[in-house]
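Same chain, two partners: chain A is paired with chain B first, then with chain C.
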Partner chain A sequence: MTDFSNQPESANTIHTGVAARRRLKARYRSEWIFKTLSFSAIGVSIAFLLFLFTTIFVQGWPAFTYNFVQLPLELNETTIGNQNGISPESIHNADYDAIVRTAIRAQFPQVSGRSAKRALSGLVSPGAPVLLREALIEDPEQLNGQKPLSLPLSDFADLYLKGQISHSEYRTGTAPVNIEASSGNFQISGTALLSALKNFTNPALQGAQQENSAFNAGIALDRDMPSILFYANGGVLKLETLGPGFASARALLPLTLTKNPEVVDWQIRLIEVPEANRNFSDQEIVWTDALVERQLVQSQFNTLFFTKGASREPEMAGILGAVVGTALTLIVTLSLSFPLGVAAAVYLEEFAPRNRWTALVEVNINNLAAVPSIVFGLLGLAVFLTFFGMPRSAPLVGGMVLALMTLPTIIIASRAALRAVPPSIREAALGIGASKMQVVLHHVLPLAMPGILTGTIIGMAQALGETAPLLMIGMVAFVVDIPGGFTDPATVLPVQIFMWADFPEPAFQQRTSAAIMVLLAFLVAMNALAVVLRKQFERRW
Partner chain B sequence: MKTSLTVLAIALASFGSLMTGVALAQSRDQLQIVGSSTVFPFATSVAERFGQTTGFPTPIIESTGSGGGLKLFCAGVGTNTPDIANASRRIKNSEIETCIANGVTPVQVRIGFDGIVLANSKSGPEFNLSREQIFSALARNIIVEGKPVANPYRQWSEIDPSLPDVAIEVLGPPPTSGTRDAFVELVMHEACQDGIEENKCGDIREDGVYVDAGENDNLIVQKLAANSSAIGIFGFSFLDQNADTLHGAIVDDVKPEFENIAAGTYPIARSLYFYIKKEHVGVIPGIVEYALTFTSEGAAGEDGYLGEKGLIPLSDEDRQTVIADINNLTPVQKY
Partner chain C sequence: MSIWLTISALIAVSGALYFTGRARVRALVRGEVASLHSKQEYHGAYLLIFGCAPAALIGMLWVAFSGTITEHFVAGQLGAEFDVLGTDQRAIILETAREQMSGTVFGQITSLAEKAAAIYREGTRLVNSFFLVLALLGFSLGTIMGWRRITPQLRARQFVEKAVLYLLMAASGIAILTTLGIVFSLVFETLQFFRFVSVSDFLFGTHWSPQSAFEGAGAEATAARNAQIFGAVPVFAGTLLISAIAISVAAPIGLLAAIYLSDYAPARVRVVAKPVMELLAGIPTVVYGFFAALTVAPFFRKSGESFGLTVSSESALAAGIILGVMIIPFVSSLSDDVINAVPESLRDGSAALGATKSETIRKVVLPAALPGIVSALMLAISRAIGETMIVVMAAGLAANLTINPLEAVTTVTVQIVTLLTGDSAFDSAKTLSAFALALVLFLVTLTLNVIALQVVKKYQEQYD
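Right, the complex of A and B next:
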């Protein structure tokens, strides 16, 4: 290039002139723009995908672990047995609600009052008695108490322990303060408390931080203010008012007071989210912390999520029912649409004469591929449920509706795959005397199989993510029991995700993301199977 | 390889045809329940415990909306029709007629109250509204200088200077929803302005100020968190569960709180119901037992677990009447 430009005599030729070089430059530039655009298209898609995956992963990850509590349970003749002692029957019928309630109340014997007791019992999941019963029925050996039984905490206690209720700040006392009990309340006095409070930079406490004015004027720390807890002598106080030179407080966890009111070793804690704005009170926070301190709480892998069906309690809600339902539905879909689709494609491609009728069939198959899926649901409702009287909410009907939906996809992909097999293969087989059927079954179909399988997997992946057609045939339903057969009521993964997204309890948001991860894993597994099968059947010619 | 492939194809084909040919046994032993999305969270809670504590299988519950559920319910008698329909409003006379025409006798079970709240994000202004102001904000036509005109208001402050100066933007349930029916009845009809025809009172404006947000109340809650000036209309249970991000508007000087709804002072509260198909009692096991579990002290009583899910309980006296109706299977009367 530089060589040419240095030679004046060739400067005027059509390929090397000034205009030509400008044209060339413009061509290079547009090529560069084109390349950059295509590249950034990929970049943008990857960025979106990464963003999606990170959000789902970050939200869903906490759902894979759960906090369980191992309470010393009273499992003996009086609680489990009846007049004939402990028998399988008495294990079935025992009052497990009472056993769990007694166990948690035994941890905090000082708690009195109906609502406080209820709140305390509420720390353990309402599903805990059910799980306890199941565990004992399955293995009565556990009655001897050798192995401690883990029971799930409530959903809010779990969210708190995962740090999703509120952020807390701690300040340790630098100098002693005095604590005195006065008519059920406690008075904390000493300048060290004020200086510790001043340390917090929370805007809601600005008043308290301005010089000494707050202590002098006095402010009430009501439910709309951040909570301040005071830890000393093994107990917890909640600050209620800041008065001139002192703070009055209420005990959340009893503390031992000695004759000497001076307390050297103390700590205060600021819970940033005001009590009114969370569903987990200061009292519940203190109880939960105490259970953790007594080493009764353990964060474990959330097996419940993978072994249970749907539930209204987030901690008891599992994905297994939906996974089994999806598997059953897809088995029906595959076993109907694959043979029908491949057979239809083989006939249309290899045997059918080219005439107006086959053209009409072809156009209609292509049209069917573009029909909105809800229409197939309506068809299922009208034909399978109303006309044939098949059961509502059954994977059998769901599979049949989804098979109708995936058929066109499979037929179109299979026909393309069959067409891609070179005619020379057919001619050679026919040439050595094979029948038409032998040509198709022995030569063409095996060679087309990778393409057919790709089409089938695409169709199945589409069916996996479908909810609209299932709405009409009653598979968008709350189903607790895990389906055991093709006619049992069931639901599918996308429906489960949709329903969890709709439940008001915040812990279900995590479950939703976790379920999406399971759905993606299902999809990846299916695609991996397709890749393996394709490699298995792949031929080159 | 080739033969195995053929065998596989044939096996799949025969399995497929076998599946379709399966004789469909028509006995059903679990309850099928359809209906309101407002009752759905309560019904599912009861159903789950019902399955856990009794010998009956857990009922199957679909959330179809009150109207859709009653349509399925009234379609006829037989195992492929639902046994129970949940409704966030009373059954309409026309629906009772359809039911009777199809041989269905509905038995009414009232389970409690639900308040309809207008709530917005905590980062937005607090609203203190009267029902008249809500009507002025949402009606399609309002009276200006004695004549009905298309609703001109765009800002809350245009309705009343005491209201915040933010754009009117309301996310609410679609017309198929029982919540919408109850809202229209309790607010739009109650606060209807003189001069608007009786049957036009319930018309809600369609110029983009009121947005149909679908049956998914959680979606409304999430949209409110993202848009601080928008107000959402939904059931009290969703406000209760999302108290950390939302605050409810005060209506006619009453705060949307549990006590106020239970005491009947909060103006926008309605009863929740479900309907039992009398013909299925004794055919499908567990119908009466389910209804009794639902109305038991431990569930719908004053301290029952449904209270934690946001249901406002009936008084004990009313609950006993309901239980008596279940035991006698008293058919619902037209009104």
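Right, the complex of A and C next:
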């Protein structure tokens, strides 16, 4: 009996004793851990998606605008015309390279020397003469010069203006310094310059300063050092040596002194990335800045990107060729896979007897859906190209391969849609005397159509993003012309992305991202259409 | 002739046939259509089928055989000059002739090829006109026959429905044809390949460098060398390594995501998370490849450097992880289906015994769904093995036999792409080896799929 009062307590220890509470706590903790883990799996996926989209967007967005220069062009009898004056023929044959070259050189008449002149002409895109010619052929009215013609700058000039070549820091002079011109070079002296230089926090410069104890020995600012530019009197100097209390400099833009030596107000600019590490020299930077200052440069929507085919010059490379190729390919794919897929689904779902043959077909379709896409490419290569001798790189063949690839998707989706139509519809139609074929074609199929279309759009979206099988049938060709038919050599958007991704120029990387944005926009539009179709027309029975 | 013109001509002819047939039967009964056995539309379709079917049949024969017939014609016309050549040479001549006709020929052309091209053009013209005449003949005969058969008593509906049924049946046969096409083209080319390299050298050799296959020295001279350079083990090993990395990323994340979505997620989260997963699945692989090659791989290389590790810029790790991310939605949607298929009563029973939610999932739901999950993972592996663009862009080309994920390895799909996108003769051992690799790829993915289906069939518990 002594235990009696203890009994409830011992019963309690099983469930609420210290050990039990600890056990419970551990169980709850593991519950929490599991829940957090599974939530973070979703989180990781979302974070990845966001990261992917941001990277692509940040990289691709600048490619949608481009910097064009409006140079005063000499378009007159002597440059455009021949002995018979200006005619469509002479417009066709004129030397536009020379016109563009003269125009850009006229901006900087002081430039001399072959390599300097070539660098100057290089500021304008090599494609500019071609565009000029096209523009004049299309609209000879522009010859009278009423409307200024915009020509694209070179890709690096464009990158520079978009701030993607190098970061710069500016310092304004606190006190005037003394400049003296001597035999083509300039000597700048004054302690204000030194103290301005010390404000820069560039490690390379600071290290040099310490080593040389305030420029006592003098440092050479060679191509491996950050560049320092000196702006005064509308001219630009590049500092070449820093010595104790003075600097010697070379003119990048002519600097005129009213008297020699002269005391001037000034500004210096530090370009962090050494000249050796960029593809755009200090001289080119200064020229580009001058063009901007003269209000000749305009950032415009990059129409070239949407109206041109492939090109080796990034500024002349566009996606139109690839978009047209994609459209042609998808037309072939759709016109093959939709009727075939729906017909196969109707047969299998509505007519096929349940026998071995049908079972074989069904297993086949399910397996085809899981065959790697590249194998379809090999099928196209071996059967369509080699056996039937069809043309390489043609949207026709590409479309056929993609049609075979999307067929299983469409068949599976269509069968599901057909199955969803309730038997009552079929029975009612049969009841009023329709034949089996009439039941299916007049009643079941129209009711299943929204589901079938949704499946087809999803299949098309798959085909739109597909690259590997098209590589196999030669759609990697470098196609400059916009394809005009189903048997012309063409490429498609994903393959274009694949090819551009291999080009080393940073401007091509931008274009790759921009092309990806266009591709994703198409995909999103297609999927949105599928969702709308499903929402709008899907019936629940 | 432009394709649009052809299509519109076909539509016009079909329309004409249809309306003629309809008018014919209406004229026969003097407008009293009620006395017809079938509705007049079926008579229209009847004539359409009779007119077009023979022509369509002949068109198919044309597609299938015109090339071969033309080639025979060319061979016959060229005569002795052509007969003395070997098979390869003949093929090249015919190829050049064909290319010259489509205007895509580059480089030097021999006089024989020039002659062949002229004859080829002539032959093509002849064969085309022959088939055109044949098709027109078939068309007119069919139309006349159909016209004469149309009577008010004709069971046109039954005939048309039967024809449509055969069409539907034929469409469903395309799937079989595709599979047969894949199998035959792969097997045929692979057998060709095994004339150069023995099966065991290919499957068990450990050195893979087909680019060093120097063609032109004659098959005898390179046979010994072929045996050395077509050892596919490093390629298979690379594929396995990258797939293993991918699946070790995708399996836990995909599975946990599926668990969260089916058992934990409140409706609001599900509304956001489901489309995100679908979006991940819908991104073209070339985009993942670009991202892997230009963002992820350099990131790994730099972070490796900061730890003092040498990470290849085409490391298996970068390609594998992005590949894994690509198949996350695949794993999660498949496992989501399986987990949802576990009946609620099992969960309720477990909860009634006092189990927490995670205990229920781990000890009740997952075991019940295990066969389905295993099959989902196998399908995911097969997807990872067959994926091409990510590895082409982010993985290496050199076949290193290594299990170090920081080094560059190559995969089956990368090799297929590299071997077949270059310019080389189609029947060299180098290009044929791509087909051998593809056959292995096809068989492996097929086996994985079949096993995955079997696992579900055999081990999945049937509730209800």
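Criterion: the second predicted complex is superposed on the first by the 476 of 541 C-alpha atoms of A that agree within 3 Å, B and C clash if a C-alpha of one lies under 4 Å from a C-alpha of the other, contacts with A are read in each partner's own complex, and residues count from 1 in each chain.
We adopt the following convention: contacts are C-beta pairs under 8 Å (C-beta built on N, C-alpha and C of every residue); 3 or more make two chains touch, one makes a residue touch a chain.
Everything numeric here is computed off the predicted structure, so don't read it as measured data.
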item	value
First, second, both or neither for A:Trp266, with chain B first and chain C second	neither
Which of chain B and chain C A:Phe522 touches, first, second, both or neither	neither
Chain B versus chain C as contact partner of A:Arg312, first or second or both or neither	first
Contacts of A:Tyr160 with chain B and chain C, given as first, second, both or neither	neither
Which of chain B and chain C A:Leu340 touches, first, second, both or neither	both
First (chain B), second (chain C), both or neither touched by A:Tyr231	neither
If touched residues of chain A are counted for chain B and for chain C, the larger one	C
Which superposed partner A:Ile42 touches (first chain B, second chain C, both, neither)	second
First, second, both or neither for A:Ser30, with chain B first and chain C second	second
Which superposed partner A:Pro391 touches (first chain B, second chain C, both, neither)	both
Contacts on chain A seen with chain B and repeated with chain C across the two complexes	339-340, 343, 388-389, 391-392, 441, 474, 476, 486, 489, 501
Sites on chain A touched by chain B in the complex	118, 122, 126, 130, 273, 276-279, 311-313, 332, 334-336, 338-340, 342-343, 385, 388-393, 396, 399-400, 441-442, 445-446, 449, 474, 476-481, 486-487, 489, 499, 501-506
Chain A partner contacts - residues on chain B that touch it in the complex	1-2, 5-6, 9, 12-13, 15-16, 19-20, 22, 24-26, 28, 30, 32, 37, 40-41, 43-45, 47-48, 51-52, 57-58, 60-63, 80, 122, 216-219, 221, 237-238, 240-245, 303, 305, 308-310
Chain C-touching residues of chain A, taken from the complex the two chains share	27-28, 30-31, 33-35, 37-42, 44-46, 48-49, 52, 55-56, 339-341, 343-344, 346-348, 351-352, 360-361, 364-368, 370-376, 378-379, 381-383, 386, 388-389, 391-392, 404, 407-408, 411, 435-437, 441, 461, 464-468, 471-472, 474, 476, 485-486, 489, 494-495, 497-498, 501, 509, 512-513, 516, 519-520, 523, 527
Chain C - residues contacting chain A, complex	2-3, 63-64, 67, 98, 102, 104, 157, 161, 164-165, 167-169, 171-176, 178-179, 181-182, 185-186, 188-189, 252-257, 259-261, 264-265, 269, 272-273, 276-280, 282-287, 289-291, 293-295, 325, 328-329, 356-359, 361-362, 379, 382-383, 385-389, 392-393, 413, 416-417, 420-421, 426, 434-435, 438, 441-442, 445-446, 449-450, 453
